[in-house]
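Below: one structure, written as structure tokens.
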Amino acid sequence: MAARILGWLALVALLAGLGAAFGYAPREAVQGNVQRIVYLHVPAVLTAYLAFALVFVGSLGYLLTRRPGWDRLALSAAEPGVVFTGITIASGSIWGKPTWGTWWTWDARLTSTAVLFLVYVGYLLLRGMIDEPDRRARAAAVVGILGAANIPIVHFSVSWWRALHQPSAMIGPGSAPYPWWMKAVILLNFAAFALLLGYFVARRAEIARLEDMHAG
Amino acid sequence: MIATGLDARRGPMRPLPASDLMVQAEHLRKTYGPTRVLDDVSLALGPGEGLTLLGPNGTGKTTLLRILATLQRPTAGTLRIGGVDALKEPEAVRGVVDMVGHGTWVYEDLTAIENLRFWTTLGGHDAARPRLRAALESVELDTVADQRARTFSAGMKRRLALARVLLGRGRLLLLDEPFTGLDRAGRKWLGEFLMAFKAQGGALIVATHSFDAGVGVADRVAILAGGRVVLDRPAAELGLDDLRRLYDELAAGPGTAP
Amino acid sequence: MSAYVRRAWIVVWKDVLSERRSKESLNALVFFSLLLLFVFQFALGPDRARVETALPGLLWLAFILAGLLAFGRTFLVERENDCWEGLVLAPGDRSAIYLGKLAGNVLLMAVVEAALLILFALFFGLDFTAALPALVLVLALGTLGLAAVGTLYGALTAQLRARELLFPVLLLPAVVPVLLGAVTATQSVLAGQPLAEAMPWLTLLAAADVVYLVVGMLTFEFVLEG
């Protein structure tokens, strides 16, 4: 029930966000329409962070209470989290291509996000390798907790590292600050993605619950 | 308490909240996916009591012992050990339970006495050399105290494990097939060891498919078949022949009429 | 000595004793380091300037590769001797076991890293003596971070079928900050810069070490069950 409401809200918000990204936001002078990808790129990475925060909460919850519901939350958030991370990387890459001429640069956000991607793909791989529910949940929880605790550390280390090697910043992927209306559209899309995340998590958790019931 | 040679070396038992029963397991169930290894197993055991758990291999004896040892969590059911909820507080229970299972916890590159020193210190007990040596004497391994465990036979490793038990302060001893690999003298020795353990107030559960040796130490006998306890009676009530007959019938599986 | 420290210490004692008797890990790791040297040389070619430029990265590449081997084997002796359950059932705070295993790993890596430094100096004609104290500090902080995560994940994957695959897959992304910090700091130190230059990185390393240690100590008991 909750999932369905979230789903509809997400759809409405996504349409609004899409409209704002293409209709309301102006075309950027230097980069052209490709710059609009920021309205996908930044909300995606923010939503990924939100997803991994949920993984952290679920992991902690399971270790403290041993109730499977928490583990299901962690799993259900990790999968879309990885997807949103992938979207962040892909959109960043696509954005960078016309601007910088290459598909990949070791730009701070892109690199951090790539590391995050690797961490949580590892999380999902680990889950796939353990059959026993309690052991799987415990092992995943430990990785989920360390992964989340590592996010700020990764962020700082990569930014500093990049600052050593990066020429002066230019408007493009990874640069800030954004004018107020850009922030507004980004926020709108973030809200839409967050609702979408909520929808995915709710649905996936329900499937997981049914799977557990069937197995037990 | 009866003063046996074992007594003096064991030291005082660890104090626990008072409880009538040492083990109180109710409706334990363990499933691995679609396989139901244990189904509605209930057990009760008091201090100084010995329970022999009989059953053919693969019927869940080891799983049950591992659950009682808090090595595994049951899918359902409750378990109290020494009055403490073992599922909520496995930590509190671990100092009280000792298990001698298939793995004997022997580091092959270490000598007998070094092995004891490791496990005893890890368990938080006094690991003074004289105490370790005395334990080795009790299990008749003092002659090989400084030999690397790599050279030990299976029986010797098991005796080393029992020396480890002596140095701890466990009140519940779980043994999984302890008689395999022991010759007649070894079995006799182990039987005496277990009787002395019970005499001191310890409780024990011996899981075995070896009929004769296991029953000797039992105050109660239970038969585990198909994941269920199909018999649980005081040993005194049953003659050995009756027990053997029942065992053959029940262990053959459900559907065979007694 | 408090009981906690005594228990951590006995784990180190046992591991050092086992290793000294069996000599499995240390010999193989040092030999592995020697092999790495040759591989690096062949991969980079004879140009010595090239090696010197790449040196900080090469060093840490070697440390991480050796670390993957070393940390993956953290609980091998328990697995081989069927002693894992003994650790699981050990009463009391099991983070003492984590610290003991961690200390053992750090000791092992210290020997391997020293051997690597000597080998690098010998084979590539390098001189570390001027930078040595600062270098040791960087090595210590970096190794601690690697070992903190390595010991935790080593335990986590110890009982898994796909251990050899999963362990590097889990460890490497998690220690990216350590790698970045350690390589940058090593570069600064080897270039003869004063320690103050590398200080922000050393602080980052230290902060990361603390986080990893705390997570390791708090979560180890959950890894060690069943």
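Letters A, B and C mark the chains in the order given here, with residues in each chain numbered from 1 onward.
The definition used in the following text is that a residue touches a chain if its C-beta (ideal position, glycine included) is under 8 Å from a C-beta of that chain, and two chains touch if they have at least 3 such contacts.
Being a predicted model, the structure only gives us computed values, none of them experimental.
Colleague: By C-alpha centroid distance to the whole-protein centroid, which chain wins?
Modeller: That would be chain C.
Colleague: If you tally contacting C-beta pairs, which comes out ahead, A-B or A-C? Let me know.
Modeller: A-C
Colleague: Tell me, please, which chain's centre (mean of its C-alpha atoms) is farthest from the centre of chain B?
Modeller: Measuring from the centre of chain B, the most distant chain centre belongs to A.
Colleague: Need the CA-centroid distance for the pair chain B / chain C, whole Å please.
Modeller: 39
Colleague: Can you give the whole-Å distance between the Cα centres of chain A and chain C?
Modeller: 31
Colleague: Where the centres are mean C-alpha positions, what is the separation of chain A from chain B, in Å?
Modeller: 51
Colleague: Chain B: which residues touch two or more other chains?
Modeller: 73
Colleague: Which chain A residues reach two or more other chains?
Modeller: Within chain A, residues 134 contact more than one other chain.
Colleague: Could you list the positions in chain C whose residues touch two or more of the other chains?
Modeller: Residues 226 of chain C each touch two or more of the other chains.
Colleague: Mind pulling up the chain B residues that touch chain A in the complex?
Modeller: 31-34, 73, 75
Colleague: Give the list of chain C residues in touch with chain B in this complex.
Modeller: Interface residues on chain C, with respect to chain B: 3, 6-7, 10-11, 13-14, 17-18, 21-22, 77, 80-92, 97, 226.
Colleague: Please output the residues of chain C touching chain A within their complex, sorted ascending.
Modeller: Counting only chain C, the residues touching chain A are 149, 152-153, 156, 160-162, 166, 169-170, 172-174, 176-177, 180-181, 184, 200-201, 204, 207-208, 211-212, 215, 219, 222-223, 225-226.
Colleague: Inside the complex, what are the residues of chain A that reach chain B?
Modeller: Per the stated touch rule, the residues are 131-132, 134, 215-216.
Colleague: Can you name the residues of chain B that touch chain C in the complex?
Modeller: 69-73, 91, 94-95, 97, 99, 101-110, 114, 117-119, 121-124, 148
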